[in-house]
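There are two complexes below, and they share subunit A, which is joined by subunit B in the first and by subunit C in the second.
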Partner chain A sequence: MKLELKNLSKFYGKVRALEGVDLTLDKGIYALLGPNGAGKTTLISMIATLIRPTAGKLLWDGRDIFEMGEEYRSFLGYMPQNISYYKEFSAEMFLQYMCEMKGLKPREGRGRTTELLKLVALEDVAKRKVGSFSGGMKQRLGIAQALINDPKLLILDEPTAGLDPKERIRFRNIIHSLGEDRIIIYCTHIVPDVEHIAGRVLLLRRGKLIKNNEMGELISQMQGLVWELPLKEQVSEERMEELAISNITQHGGKLYMRIISEEQPDEEALAPEPCLEDVYMYFFNESQGEGK
Partner chain B sequence: MRKELYKLFSRKENICLLICSLLLLAVYLFRVYVGGQEYQKEVGALREAFQGQTWKECAGELEEMTLKLGEAVLSETDADTLKELSTRLEAYRLVLDYVNSQREHKTELINQLNMYKTMAGQEPSYYQRAASQAFDMYNYDTQTHIWDGQMLMYFNRYLNYRVVDLLFLITLILVLSRLFVGEEESGMQGLLDATKRGRRYLYGKKLITALAVIFLYALIFTALQTGILLFRTSLPLTFLLEPVQCLSEYEWCPYRMRVLELLGICVLARTLSGLFAAGIITLFSVIFPNILIVLTGSILTCGLMAFHSINAAANVDTWGMYPDWGWNHIGLINAGRMMELLQSIHQVDVFGYPVDLVWLMCAVTIGAILWVFLLARLLYMKNSR
Partner chain C sequence: MKGLLRWEFRKLIINQKLIWLIFATLLVQVLIGLLSKPRLYVTYNLEIYKELTAEYGGVYREEVKEEIRLKLEEYAIKKEEYQGIVTGYEMYGMGIQEEYESACFYLTEINIYESALRALLAKTDYLDSVKEHSPVLTYDLELSDYLERFEINLVSNVFCLLFSVLLFFESSISGMDQLLTPSVTGRKRIRLAKWVIAMVLCVLATSLFYLLGFLFAVTRWNFCSLDIPAVSLEYFKQWPKNLSILEALGVLFLYRQLQSLAAVALVGIWSRFSKNIIGAAVLFGVVTVIMYGIL
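For the complex of A and B:
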């Protein structure tokens, strides 16, 4: 089970969406991070065979995925960003429809539908029309449809957008349990979601893959670059921009500014344990010359 | 296909269209049933008198009566009676002449024969009418009708009434335009394209759904049209089992069929015209996957085709038909036009070769299916990217 991206590029006219991406994905969970316009959705769409690359190849166990066609899509699970539905379908009917589209037999599909509705806690509203669902319920249904064919390759584009904290934790647990024997590409802006479950992190910026590291390795690279400074007074906007504040945290009844800097910004600044958010801020801080 | 149909008919406007059609149909059929009761009694009484008779027996009886009338005319001296008998004799003779000239169509003629025989044996007004109609029938074959010339003229007119065909096409365009662009409109396209069967299989299903919907609507519209017709002519439902080949252009029409069979062919012809319309819708869906463009484009294209064939029909009588009224021909996408062709001619000239119309219709049907299939394939290829 191996997905290879070889010198992958995509241009829309003269606009570069992706350029020279080389990547090999084995079993595990991959967090795909990058700011808006970095090329995440383009990359995901190519892996989902929705668009063809301008140059380069996408290989599954050495075979071109576009030539594999239906065979490749039979083990692909895909949840797009801002997923839409047939509003007049009930949740159950929608999943059964997707079962048919994914090549499951009707009886098999019915069983799988019940199982998945339970997994995403939608069994009580199975007969309700999708049009009446809240954003979170729609997201959960989207996750369920992506899992229908027990995919070897699962692509999730912003899957936790709109989910409440409890649902997000539940979802993280589901994904974590699935990641052992398949490839999961998890694309998100909500960095803490992937911090707990992703094995590797892929950082994409302006269509180029700038980092492909183990989570721990990438975070450890941030040692000595993250600082925490007690927040004493109102900080001006200029100072905030100057300091590249990644977050404001509170512990021991005090507020702290979390700062990304190669040098200690202040004598009082402490060096906390870095996290993935710090990595994100370090590489994608627009105010700091678009990161490192 | 069930889910594709559900997708189409779970939309309120489509289900409303369908329910309205079915309700209208039910109302008309009920009215026809009630209105037809009395007429059926009259027809029943008329038939009873000649039940069990063969064509030969009828013709023999007619001949015998003609002879008797001839003798009566010769022996009569009173001027008024002589005039009346002569008129009656003329009616009998004309019917007999016509019957003898059309011997090969025995089974169909029996009904005409019975009617005119009855009329000629009745009050003076009846046999005068019979004589007049028999005269018309004898001299102008196109005027030949089964029961009553006026009623069958209605039948022919309603059967080819293009408004129904235009309504049929517009309904089809409204319903089917969502079939191929529905995914794009609802935002499901990307999701389905990433599934195993979301491309070729799905479009195959859509094609079958389109065919089923076209056939369903062709059936509903033809049934509605027939309902209106039967209601207007006060004919009973049993009329559907009558032979119909004498409606128009009798002498050139090689087909012998009942009204019901003719309506069956009308459904097929309408399905065929629906296929052409579906092809146009598909073509627009391939190029512009937007519901408004598909709707407007399809309606305008069908309108242009109609306009073109209006000119074609108004100028020439190419098909060996009576000159048309001009405004109502819409060429290949008009089922009524096809029906006229089918009823009126035997062979058509295709690049200098005579081709039987039935075979031509078969070829056109296959062509229409291939046309939609090809466009569905285009749609699939476009989605394959």
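For the complex of A and C:
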């Protein structure tokens, strides 16, 4: 089970959406991070066969995915960003329809529908019209439809957008439980969502893959680059700007400025444990000239 | 494929409210059929024309035509007689008023009958010149007017346009394309299912609306002589003389089917390249108008 992206590029006229992406994905959960417009959706749209690359190849176990066609799509699960539904369909009917689209026989589809509705905790509202669902319920239904064919390759594009914290945790748990024997590409810019579940992080900026590392490895690269400084009232705006504050955190009843800097910004500054958010801020902080 | 077809139908019925569309268009068709009145523009009295058509029995062989000519001659003599009374009274004050009034009345009556009879004779002569012994139909003009308006099958066209747009554009309108394209079935097979549904629905709808129109014609205008030459109907005046009304209607029916299928197919092709529904509707309209122009 291996997905290879070889020198993958996509241009819309003269606009470069993706350029020269080389990547090999094995089993595991991959967090695809990047700011808006970085090319994340373009990349996963190509992996989902929605669009074709301008140049380069997409290979599944050495075979071109566009040539594999139906065979490739038979083990592909895709949950797009801003997922749309037939609003007049009930959740059950929608999943049964998607089962048909994914080549399951009607009886098989009914069984799978029941199973998935249970997995995403929608069995009580199975007969309700999807149009009346909340954002969270729609997202859960989205993950259910992506799992219908028990995919070897699961692509999730901003799956937790619009979910409340409780639903995000539930969602994370579902993904985590699925990650063992398949490739999951989790595309998001909500960093905490992937911090605890992704094994590997892919950073995409302006259409280029700038990092492809193990989560721990990437975070440990931030050692000595993250600082915390107690927030004092008398700090001027000029100083605040100069410090390039990435975040303001609170612990022990005190407020701290979290600063990304290659040098200790102040004598009082402490070096905390870095996290994925720091990685994100380091590479994508626009106030610092779009990061490193 | 069977499953796909079933789902495409279900989507049309559940999501696109096809049942309501069918119900609404059928209602409009029935109302038009029941409430519409013929728009006839003739220089003679139509009721008298029908009365005379019925009196002379439909098929005008030479002896009947001779009878009409004699009647016209009789009218000419009577007209002269009454005209004399009227002129005498008006110009020279001759005769009595009662006689004058009576002459005026008869003169008017004769004029009405005469013009209707002349129209009948002209029609008979025309029909004979095209195809001998073609009958004059009592409700020729109403039927022709009916055909002119209803044969266009406007309601059916509106129905075909609406359902084809709903069918071909539903996944792009709903945003479901992004889920359906990477599915095993893929866009191609879904599109094929849509084409099958579109063609079947188009044929069914055109037939249904055509049949309804025909039923209204039969019940309202005594449209029952289907085996008589098509040229007997004003509407088919320019058609080949060997065709019966049934055959002419059959040809029209097949052509209208072809026309609807072509228009619906173009909507389908358009949806492949564009998401612009208005463009599809315009294309549908243009094809329909061009094909009506041809026949």
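Throughout what follows, the second predicted complex is superposed on the first by the 284 of 292 C-alpha atoms of A that agree within 3 Å, B and C clash if a C-alpha of one lies under 4 Å from a C-alpha of the other, contacts with A are read in each partner's own complex, and residues count from 1 in each chain.
Following the convention adopted for this analysis, contacts are C-beta pairs under 8 Å (C-beta built on N, C-alpha and C of every residue); 3 or more make two chains touch, one makes a residue touch a chain.
Predicted, not measured: the structure shown is a model, and the values here were computed from it.
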item	value
Subunit C versus subunit B on the shared subunit A, clash or fit after superposition	clash
Partner chain(s) touched by A:52 [first = subunit B, second = subunit C, both, neither]	first
Partner chain in contact with A:273 - subunit B first, subunit C second, else both or neither	neither
Touched partner set for A:84, first subunit B, second subunit C, both or neither	both
Which superposed partner A:106 touches (first subunit B, second subunit C, both, neither)	second
Subunit B and subunit C footprints on subunit A, overlapping residues	48-50, 70, 73-74, 76, 78, 80, 82-89, 93, 97-98, 100-103, 145, 149
Contact set on subunit A toward subunit B in their complex	45, 48-52, 70, 73-74, 76, 78, 80, 82-89, 93, 97-98, 100-103, 145, 149
Touching residues on subunit B, where the partner in the complex is subunit A	3, 6-7, 10-11, 182, 186-188, 190-202, 385
Interface residues, subunit C side, partner subunit A - complex	3-4, 7, 10-11, 14-15, 174-176, 178-186, 190
Residue ranges of subunit A in contact with subunit C within the complex	48-50, 69-70, 73-74, 76, 78, 80, 82-89, 93, 97-98, 100-103, 106, 145, 149
